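First chain A sits with chain B, and in the next complex the same chain sits with chain C.
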Partner chain A sequence: MQALLTTWKLTAVAFAIAFVLGVLITVMRVSPLKPLRFFGDFYVQIFRNIPGACLLIILVYAFPYLDIIWSYFTCVLIAASLIPAAFCSEYLMTGINAIPVGQIEAARSIGMTFAQMIRKIVVPQALRSSVLPLTNLLVATMLTTALASQVPLRPADLTGLVAHINTHAVGGVTAFFISAMLYCATAVVIGQIGNLIDKKVRILR
Partner chain B sequence: MSAYAAEGQVPVIELRHVDKHFGDLHVLKDICLSVQRGEVVVIIGPSGSGKSTLCRTINRMETIDAGEILIDGVPLPEEGKDLAKLRAQIGMVFQSFNLFAHMNILENVTLGPTDVLKRPRKEAREEAMQLLKRVGVESQAHKVPAQLSGGQQQRVAIARSLAMHPKAILFDEPTSALDPEMIGEVLEVMTELAQEGMTMLVVTHEMNFARRVADRVIFMDDGSIVEEGTPEAFFENPQTERARNFLNSIKNH
Partner chain C sequence: MRDARTNIRDALYEAPGPRTRRLTAVGTALTLAALVVLIALVIRRFYEAGQLDSKYWALFAKYTTWRYIGKGLVGTVEAALMAGTLTFALGFTYMLLRISRLKAARAVGTALVEFTRGVPTLLFIYFFFLVVPQLGIKLSAFLKITLPVAISASGVVAEVLRSGVNAVPNGQREAAYSLGMRERSVFLKVVFPQAFRIVIPAMISELVIVLKDTTFAYVVSFPDLMQNAKVLISNYDSLLAVYLVVAVIYILINYLLNKASDFMARRRNQVKGAAAV
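Up next, the complex of A and B:
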């Protein structure tokens, strides 16, 4: 039970960070300033294309050489949020591209500044049309937290616990099966909530 | 023409020798044009003549390559805060309405007043309701744009412009995307606006509207202003071959 809670906690915090970061990166990617756009695109290209396990191993085993030592929890959290942030930004970009250019022109024609337009027109519409992909991302983030099993996190996450049982006791396969069911059940709940939100906020076009 | 449009007044909108290219295409050729306060200027011409582009340069939706555009005697600023401020003073109504899809009708009209003009929300809502009433869509105030007909959406777009108390409104083919039965209701609102003294620059294919409402008709072809004059003079006695051809081609339909 403790392990499931750890997984949920990691998932919730990682997704929250990924979401905020994803929105920021996306705003950079559509900003009129070229260095910001470049940084945003660069971030996405890097973190969309690194395996989570690889990033975690770098954080845990390579960063100490640079005298940067974080707790295992922090490392897992960073790995499980930087990567989904890149995907979050990609989904939001899709949402932004779906906004007709005429609405942007209309916003400019009533004298809105870039920042006002982003806050009032672009981000709200992009978010509302990205609910379903972001729901998928939340599930994917949860599955990414299984990375934690690769480091000795205490208390262990769901997969970490199961891996521990597998090596120290009998019934390993059963344990994996149970953990799979727990992941699945959580994902189904997340999916249902996502559908509900989507129905509520979807933009009629 | 209204009394304000007397000689010597600073025009609300003035274009001096404006040139613009899209790649190799010379879309605006040495355009000189001024619109006085209270004047209704209608621009007509075949498609591709540059009339829409001309309209869009005035609030810098399109940049220009050469020449000068002045609003109330002040040159258009570069992109940035000053330009945003200036755009707040010039309304624009688009062919495709461009209402904000995630907001209801009332919010569409109040967004500019509350966020750009920083007016109190309550006051902005009250005025917005009056404007919606004036354009005849007050019963739709809490619906979203997609639930309205094209004609209703365009009338909301006009109300959204009016809510900013603009010095002038640019209409970029406001009825071209509408079903025929809805064109009348939009033109009616525009006619009322004109009669109330609003300064308007209208790009349109509605010749009857031009005839009835315009103070001055401008005929454009191939990026140039070919002819301009009162509606009577232009429609009854066009001076140029190109204007005569254009008027004949639309008469045949």
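Up next, the complex of A and C:
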């Protein structure tokens, strides 16, 4: 039970960080300043393409050589939020790119200021059309937190606990089955909620 | 990267006047400076920790190192290709179940998809690593990594394939039936080939995920890139350098795969656009 809570906690916190970071990166990517755009694009390419295990190992085992030592929990959290942040930004960018240019031109022609345009046209539409991808991302974040089983975390997360049980006692199939069901149930619930929100706010084009 | 005409990034801004242009120039300079400072800080951190020392990086000048990394890379690619093939076979099966006319088959298909999508790859890997041997089944390390990776990706692939099948216009199916084709040949010769072409970009992206998942191969000690990196580290004692190089290799491969996926998607859109005209 405690393991499930750890998994949920990691997922929630990691997703929150990922979302904020993702929005930040997206802002950089649409800003008029070239270096910021470049940095945003670069960030996304790096963290979209790095394997989670690779990143975690670097954070846990390589960073101490740079005199940067974080707790295991922090490392897992960082790894599990940096990667989804990149995907989050990608989805938001897709949402922004889906806004027809004509709408911006229309907004400008009725005299909206830049801030108004962002607040009333860009952000609402980008958020709405990325509800479904973001729920999928939340599930993906949960699956990423299974990385935590790779480091000795106390209290252990769900995958870590199962692996622990199986290496130290012959718990066998039951432990796997239960934890798989718990993961699965969480994923299905998240998916259902996402669908519900999506139905309410979807923009039909 | 994106089409210039429809680039919303640029459409957001009006043509700048002289004052705005000056502001933008100043902002650009400032952020550029900030980036440079950031990079400098990172390098200084490396320097102060002594990680720029040539003894940590000298191993990359040796041929044997690269050959060893290359071997690991081959292992990774082999595992990814094998897992990719298995994923496709499994995903195809689930997809057939999900579009079947039998309600029970559809339910089984949906259950399989939801299950494989909702469970982390690592759990599957531990299952094959810890439980399957307990049941008395001996698998090679290669299968121990490719099977779980394939299973965990299969659900998503099934959904991707299904979306492709749904995207094939109904008229195609009707036309084939009116020619007197059987149901099976309609699906295999008319619908699926088109569906597959539609989902090629998504399938390449899925291959990226499979490739990333194969990094867990070190759990079952299959000699892939990550595992070989570990061996290199124990031989040369330069952990940071090796892991960074390996990370860059992974990022490059996946970046290229993603680019290929974008390219295929764009080419497809162009073909569709040309057909519409």
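Methods note: the second predicted complex is superposed on the first by the 196 of 205 C-alpha atoms of A that agree within 3 Å, B and C clash if a C-alpha of one lies under 4 Å from a C-alpha of the other, contacts with A are read in each partner's own complex, and residues count from 1 in each chain.
One rule holds in what follows: contacts are C-beta pairs under 8 Å (C-beta built on N, C-alpha and C of every residue); 3 or more make two chains touch, one makes a residue touch a chain.
As the structure is a prediction and not an experimental result, all values here were calculated from the model.
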Superposition-derived comparison: chain B or chain C, residues of chain A touched: C
Partner chain in contact with A:Lys9 - chain B first, chain C second, else both or neither: neither
Partner chain(s) touched by A:Ile110 [first = chain B, second = chain C, both, neither]: first
Contacts of A:Gln125 with chain B and chain C, given as first, second, both or neither: first
Contacts on chain A seen with chain B and repeated with chain C across the two complexes: 32, 99, 105, 108
Chain B - residues contacting chain A, complex: 59, 61, 79, 81, 84-92, 94, 96-102, 111-112, 115-116, 144-147, 157, 160-161, 164
Sites on chain A touched by chain C in the complex: 29-30, 32-37, 39, 41, 45-46, 48-55, 57-58, 61-62, 65-68, 96-97, 99, 101, 104-105, 108, 114, 117-118, 122, 139, 142-147, 149-150, 158-159, 162-163, 166-167, 170, 172-173, 176, 179-180, 183-188
Chain B-touching residues of chain A, taken from the complex the two chains share: 32, 99-100, 102-103, 105-113, 116, 120-121, 124-125, 128, 203-205
Interfacial residue positions of chain C with respect to chain A in the complex: 1-2, 6, 8-9, 11-14, 24, 27-28, 31-32, 34-35, 45-46, 48-49, 51, 114-115, 117-123, 126-127, 130-131, 134, 208, 211-213, 215-216, 218, 226, 239-240, 243-244, 246-247, 250-255, 258
